[in-house]
Amino acid sequence: MIRECIDACLACVEACEACATACLAEPHLDIMRACVRLDRDCADVCALTARLLMRGSDLHMQACALCAEACEACAAECGQHEHDHCQRCAEACRQCAEVCRKMAA
Amino acid sequence: MIRECIDACLACVEACEACATACLAEPHLDIMRACVRLDRDCADVCALTARLLMRGSDLHMQACALCAEACEACAAECGQHEHDHCQRCAEACRQCAEVCRKMAA
Amino acid sequence: MIRECIDACLACVEACEACATACLAEPHLDIMRACVRLDRDCADVCALTARLLMRGSDLHMQACALCAEACEACAAECGQHEHDHCQRCAEACRQCAEVCRKMAA
Amino acid sequence: MIRECIDACLACVEACEACATACLAEPHLDIMRACVRLDRDCADVCALTARLLMRGSDLHMQACALCAEACEACAAECGQHEHDHCQRCAEACRQCAEVCRKMAA
């Protein structure tokens, strides 16, 4: 499950980075504010969680709990937008949240 | 000079983070796209540079050279906007770029 | 209190980075294993927490809770060693843990 | 090539994190000092480079140049040790350095 969780975190970092960049290029940027903001947080938290998992840190369960929260918040926002990058990001966030919840349990 | 460079990098991380968040709350977000984008890069590069300096890494000169470029690009963009957060960010970027250029020399 | 917490996190990142590097140069490295390991985690968690605070993230309370745990674990280990870098690190960790506990409450 | 470079950077982050942790558990830690030190730098630089690539940053070429240097230094050290984790890390570093050199050119 650690392998699965690392992969889900890294996929989520990438989806969030791509979504934030794509949001900042959208014509209707005004409605993407929360999306960019949450992408930024989610990418940073997923990146830290992946690294703590990779190194076998004692803190990995607590990091996974924080990561699940970051991913759920980002998924809730991105899931409301129809852009492909938002939908892909929401899906990556949901998958990461699910694995992280299991790891944290 | 290492002390001065660490402090300049950390001040720049903070100014960039604050500027990105404030930009995302501006009414005329449309013209702040590049600012948010460059704040994001500059904060990440300054944060890495500060940590390599703190730990006495062999790579600190090369990191400072990259950091100076990130800061100069961000200062050039932020300096064009009259918002206080942009002006403060541009100033922090200029100071960081200057110290990093010296460190990299 | 946010200002105080950011400063405590950054001071802790720096103390952990310096401690890890100094531990790796100690003649009796054998007893410093846990110290290096925990310094590494603590520095990364404090760095993330500082940045979430700087940007006004919704996740800052949860990050502070994780940060307090990282700092307490590192302080408990570093506090057992008489090296100056360990004692300084333990003190920075304790101060950061205290402020983070308040932020998380 | 961007896809290949992101993957090489992430594989290198993971190999370096695993190598550092495994080094810190080796019976003859005394000869692993440089390995832990360089793993730490290499993991951080690769992680930043991956994220700048993911977001399409203007700085990606300069980051790749720095990353190649970090990887080459780490490969040179890890390659001298016969532990599996060191050999795997050296190989990941070499592959990442090669792709990063191409990206930076």
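In this document, chain identifiers A, B, C and D correspond to the written order of the chains, with residue numbering beginning at 1 in each.
Going forward, a residue touches a chain if its C-beta (ideal position, glycine included) is under 8 Å from a C-beta of that chain, and two chains touch if they have at least 3 such contacts.
Just so we're on the same page, UniProt names per chain: A, B, C, D = Ferredoxin.
Predicted model, so just to flag it, every value in this text is computed and none were measured.
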Same interface as A-B shows up in which of B-C, B-D or C-D, over half of contact pairs matched?
C-D
For the pairs A-D and C-D, output the one whose chains share more C-beta pairs in contact.
A-D
Quick one: report the Å distance separating chain C from chain D, using the average Cα coordinate of each chain.
25
Sites on chain C at which at least two other chains make contact:
20-21, 40, 51, 55
Within the complex, which stretch of chain C touches chain B?
6, 10, 13-14, 17-18, 20-21, 43, 47, 51, 54-56
Seen from chain A, its contact residues with chain C in the complex are 40-41, 44-45, 48, 51-52, 55, 57-59, 62-63, 65-66, 69-70, 73
Which residues of chain D touch chain C in their complex?
20-21, 24-25, 29-30, 33, 36-37, 40
